[in-house]
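When the chains are written out, they are named A, B, C and D in that same order, and each has its own residue count from 1.
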Amino acid sequence: MMPLLTTKGLSRNFGGLRAVDNVDFALMPGEIRAVIGPNGAGKTTFVSLVSGRIEPSSGMIVFDGTDITGQPAYVRVREGIAYTFQITSVFANLTAYDNVALPVQRTLSDGRSKGAVRAGVMAALERTGLADRAHMPAGQLSYGHQRLLEVAMGLALRPRLLILDEPTQGLADSEIDNFITLVREIAKDATVLLIEHNMPVVMQLADRITVFNAGKILAEGTPEAIRENSAVQEAYLGTAP
Amino acid sequence: MTDKNGFFDLSKSTLTRRTALKGLAAGAGLGLAPGFVRYSQAQSSAPIKIGFQSHRTGIGAAYGRWYEKTTAAAVKAINAAGGINGRQVEVIIEDDGTDPGRGAEVVGKFATQHKTDIVFGTLFSHVVIGSAPAAGENKMPYFVVSEGHHVASTKLNRYVFQPGITDVKSQIESMAPWIAANAGKKVTQIFPDFAFGYDHRDYLPPALKAQGADVIAQIAIPPTESSFTKFFPQIPAETEVIYHVMVGPAVLTFVKELGEFYGPNRPQLFGFIDSLEATDINSPGLEFLDGSHFWEGSPRYAQADDSVAQKAYRTAVGIDDNGAAVGDPKDVSTAAHMFGCWETLYVVKKAMEDAGYKGPEDRAKLVEATEALTEFAEGPEHPQGPKTFNGKIHQCFGIQNISKVEGGKLKVVHKTKIEDGLYEAEGDYTTQAL
Amino acid sequence: MSEASPAKAYSLHLGVIALLFVLSFLLPEYYHGLLARIMVLAVFAMGYNMLFGYVGLLSLGHAMFFAAGLYGAGLAVIQLGWGVPLAFLGGIACGAVLALLIGLLALRTTGVAFMIVTMMFAQVFYLLILYFATWTGGDQGMVVPQPARVLSFGATSLELTNPTVRYMTALGLFSIVLLVTSAIVRSRYGRVLVAIRENEERTKMLGYDTFSNKLAAVVISGTICAASGAAYALLFGYIGSSFASVQYSILPLLWVLLGGAATTLGPLIGTLFMYYVIDITSGYTSAYLLIVGIALILLVLFFPKGILGSIRQRWLGWLP
Amino acid sequence: MHFGPHLLLAALEGLVTSAVLALTALGLSLVFGVMRVVNVAHGEFFMLGAVLAWAITTAIGGHPALGFLAALVIAPLIVGAIALVAERLVLRRLNYNPEATIVATIGMLYIIQQLALTIYGPEARPVEPPFSYRILLPWFGYSGYKLSVIATSALLLIATWLVLTRTKIGLIMRATQYDSETAQAFGIPVGRVYGGVFALGAMLAAIAAALIVPISQAHYLMGQDPLLLSFIVVIIGGLGSLRGTVVAAVLIGLSDGIISMFFSPTLAKIIATLLVAMVLVFRPQGLFGTASR
């Protein structure tokens, strides 16, 4: 099977700092992949390169067999790479409905009918349990609900690759359980790339785990293999069993 | 140099309010017997209302104030002598901000809200042109005191008149013979890069050519410029006369910098006093102008041979022998142009009397009566001098003065003849429908 | 913006249009003429609102779009002898092309740089009018001859100088632009524009080409402003460079901020308010700009979202 | 005139423009950099400085240098005080919201302009230069006072630079500019810093105006051009960069003078404006700013 996403020699410098250093990475379709690593390891920079929010200094990104290195972010989104932000950035002054309508109306190919937008929006809101809050301004939703709305917006893009940047940060435990169920469901029709600090979540969700350290890939493997990996333990897990 | 009156003096701006004019008009009407008699005989006792479109704010504000003073003086004199057709004259002032858009609105306001009999008094050309369509559409006789060539060009409409001041084209043509004969044959023109300058740019070269002189360079200065030295190297070295017509607040700078550039070895200078209207000729930096010549419509300084009418006019308006406000020597008038307000009002009076004007329904008659006028004799009503009037192009033609700066004063050294400034009519308003 | 109460918004717009129609028969002559002018200028403000209110792009150069329409239409009549309808379309086309060109360049910048760049392009446009004075009439401007300002339909002809015709034409233009802009802002495209205003980066990450969307908004905005300028030239018969000066770039900003940015009727309310404040105060004092200045500061201190914006915030949440 | 002397003259003229522009634009840049406020009334503070300079020299009389020096000190102080009042009464209450402050400063512009017209009048009034020495070059004469304006402005700019980089006040201002919330947390009275910066910005404009007024007269509409030019300088120079502001002012002043050698004046202005606009389009962070802000 061909990987959905590969990077070759991907690097990005900020001034003298090599935030992402010569990364070769491959992601298979249907996978749930977790990316972990200490703060400043280059995780967010790496997914930003993949989503096109920042340009690489060198290297190549291939998505579904096409070289997308030079494509602007919005084109990558259209080809199926969706990114949900680490810091919640829903449109605070718009209603939850409008927030989701934005991605829905763009993915609709038939276009014109108002009913189709409404149906698509409500479907995404229902999947994330926000249907009853559709007409609240997003800024007035609770923090957890804003995170869910962010996911709903990502879902509404009908991505082939959904990148979730620390989705459980700031969520209550009960919310986290619902969230895990949600991601499993998403993974039925999309590949998921997940940056996460919450190790129990990672262990429950991930098919494979990639560990970043100092801009490089330190290790990669199944959750069990990573748990056993002494280098990883030293660099990262050492403090948390 | 000390001028403690000039600054925090609020009285100046309140002096010419509409209320003051009303008060003047009413007072004059009640106080004088002949006026009172005719007043009671008139078919309508309501005053004749003149809408005065004034530049109170914006770039023309320095002119607007003196236009208001002159107008107030003329109205006072007219009312004291019985008004027009036995009716008192009331002036209603609206500020146009020296802006053509607002100007058109003001004309509309006069026509439809104040319901004035005529509109009068505009100076700046772009406001005249911007307001002219509104005057035509409202069938509102519109008497401007602008000196622009726009009225005589016949590009406006039948309701616009300029019977009180000679237009620039005529002024230029009457200046050319004197320049060629007395100042020099090789002329460099410096003028503002906008309409007022274009009249000079377009009409001076042929006029000089006819006199055997040449314009060897034309330097147009952008309207927003505030320093000029960098343009002076463009003045050719063989220049004998610099012909300058800069206007606006930066004019003093212009003259000063010209002085610094040339020092005492300057070419002859010939200018239009428009540059220095409302500016003291003895301001620091203007020493350089000593010995140079200016066009003046009406002389700023009292002259030895002033007529009785001219003296009476100066007293009525309230300017002293130096052309400044009586009691405030720093408050210099716009003498070369503002006489036009006085004379225009007397033309309106004459035309209204000829037409037997009774009210706005007679406006068409007023237009025809004005067009029928041909000559204005020198006298109390026309203190600047005699004029002819061409009813086809709605423009008057008068004598012009050339004055020399001598000992900090402007002394008239030459008066042109009316014929010097006559040119072929470019059209005929009287063929337009009323 | 949202799905809520489209019916209310439509009735409000139709109600305002009907009210303006009825006013035509009730207003005294002077205010009748003034309102015609205000409606034309409100269209200018609506065009400005399109970009500033909904996309959040603050331009200080919109006078050039107004002037493009003004000169496009006016010169077409004066120099080329075109008829009124064709000249009107010509003016609009000039504005659209100019807006496309300016948008392509200026949208490379954001924030304050966008303000300054638009201001400078407008300054260049203004100077070009002066530079080509032979054709444009320079600062003096030109009169659009009265006989040419006639709409002919076969045998019947309507003189645009007739107050009623002028009022109804202005009302017609105003109504069309009001309905079109309110339809645009309620459409999916309008939703994208607001999203760009709120967070452009996020909008990109939803797959939107924000540059093209902004460019389209600049063109729509410029076209509407040009329509206002073209109507102004044909209805009021004068074209002049003062309409391209910085002052006329600041005016629509003021009108929109006063009436309420990103409200459909704010531009009309703001223009109306400003005109009446000037008209009334200038009757009492020549220092009316002082009163305008104080009014501006008081408004911004106590009604920071403008008149309609504050009403929407405090009382009528559904206001379009 | 030959090319060499012409170029010299154009350069001298350009430097005078630059000198005044640098001071004015620095005021705008400080306000913009530290407070993030676009002060549309900046040009009116410039105009006020000129008008007050006229009033002060006229009131004092005597030798022109006496009045001029008094004006150079007193006019900026009065303008600074007015700006401080405006900041306390209006801008602070608006929480320095960018859009609201634009409208408010447009309001101030109208108020100041109208008051100047009502009280001072519509005339352009000259101020006598402190000394009138004409430097005679082989090709043309040049005003000695103009050269002294260049020197004075340079001195003032260096002084401002020293204050900003070498003193505690400068440090506080830079800290506030960098991050006002953190500055507040470190006990810097941000509100008072804002008030001080706004007043200082206005004072710089007033000083520039007091310097220029013996060259070009005081007039109530004189504020618009310096405002536009200052905006351009601030953007080209990069926001809040003193070095950038000065370099941009020199660049704009010189190019204005030198381009006018080759083209007719209006065309020169069109070309210069277009050039600056294009710089902004293709390098929006300014010539000296850094890409990411």
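By our rule, contacts are C-beta pairs under 8 Å (C-beta built on N, C-alpha and C of every residue); 3 or more make two chains touch, one makes a residue touch a chain.
The structure displayed is predicted, hence computed values, not measured ones.
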item: Fewest touching-chain hops separating chain B from chain C; value: 1
item: Centre-most chain, if every chain is reduced to its averaged C-alpha atoms; value: C
item: Greatest separation from chain A - chain, by CA centre; value: B
item: Approximate Å spacing (C-alpha centroids) for the pair chain C, chain D; value: 33
item: Centre distance in Å when chain A and chain B are each reduced to the mean of their C-alpha atoms; value: 76
item: Cα-centroid distance, chain B relative to chain D, in whole angstrom; value: 37
item: Geometric centre distance via CA averages, chain D-chain A, whole Å; value: 50
item: Residue list for chain B, restricted to those that touch at least two other chains; value: 13, 57, 193, 222
item: Touching two or more other chains - residues of chain D; value: 114, 117-118, 266, 269
item: Multi-partner residues of chain C (each touching 2 or more other chains); value: 127, 130-131, 286-287, 289
item: Listing of all chain pairs that touch each other, if any do; value: A-C, B-C, B-D, C-D
item: Residues of chain C touching chain A in the complex; value: 1-4, 188, 191-192, 194-195, 198-199, 201-210
item: Parts of chain C lying in touch with chain B, wherever the complex brings them together; value: 28-34, 37, 127, 130-131, 133, 137-144, 146, 161, 236-238, 240-243, 279, 282, 286-289
item: Of all residues in chain D, those that touch chain C in their complex; value: 32, 38, 90, 93-94, 97, 99-100, 102-104, 106-111, 113-115, 117-118, 224, 228, 231-232, 235, 239, 266-267, 269-270, 273-274, 276-278, 280-282, 284-285
item: Touching residues on chain B, where the partner in the complex is chain D; value: 1-4, 6-8, 10, 12-13, 57-59, 61-62, 64-65, 193, 219-222, 224-227, 229-233, 237, 249-253, 256-257, 260-263, 278-279, 283-285
item: Residue numbers on chain B that touch chain C, as the complex places them; value: 13, 56-57, 94-95, 99-101, 104-105, 108-109, 112-113, 125-126, 129-130, 132-134, 136-137, 148, 150, 155-157, 193-195, 198, 222-223
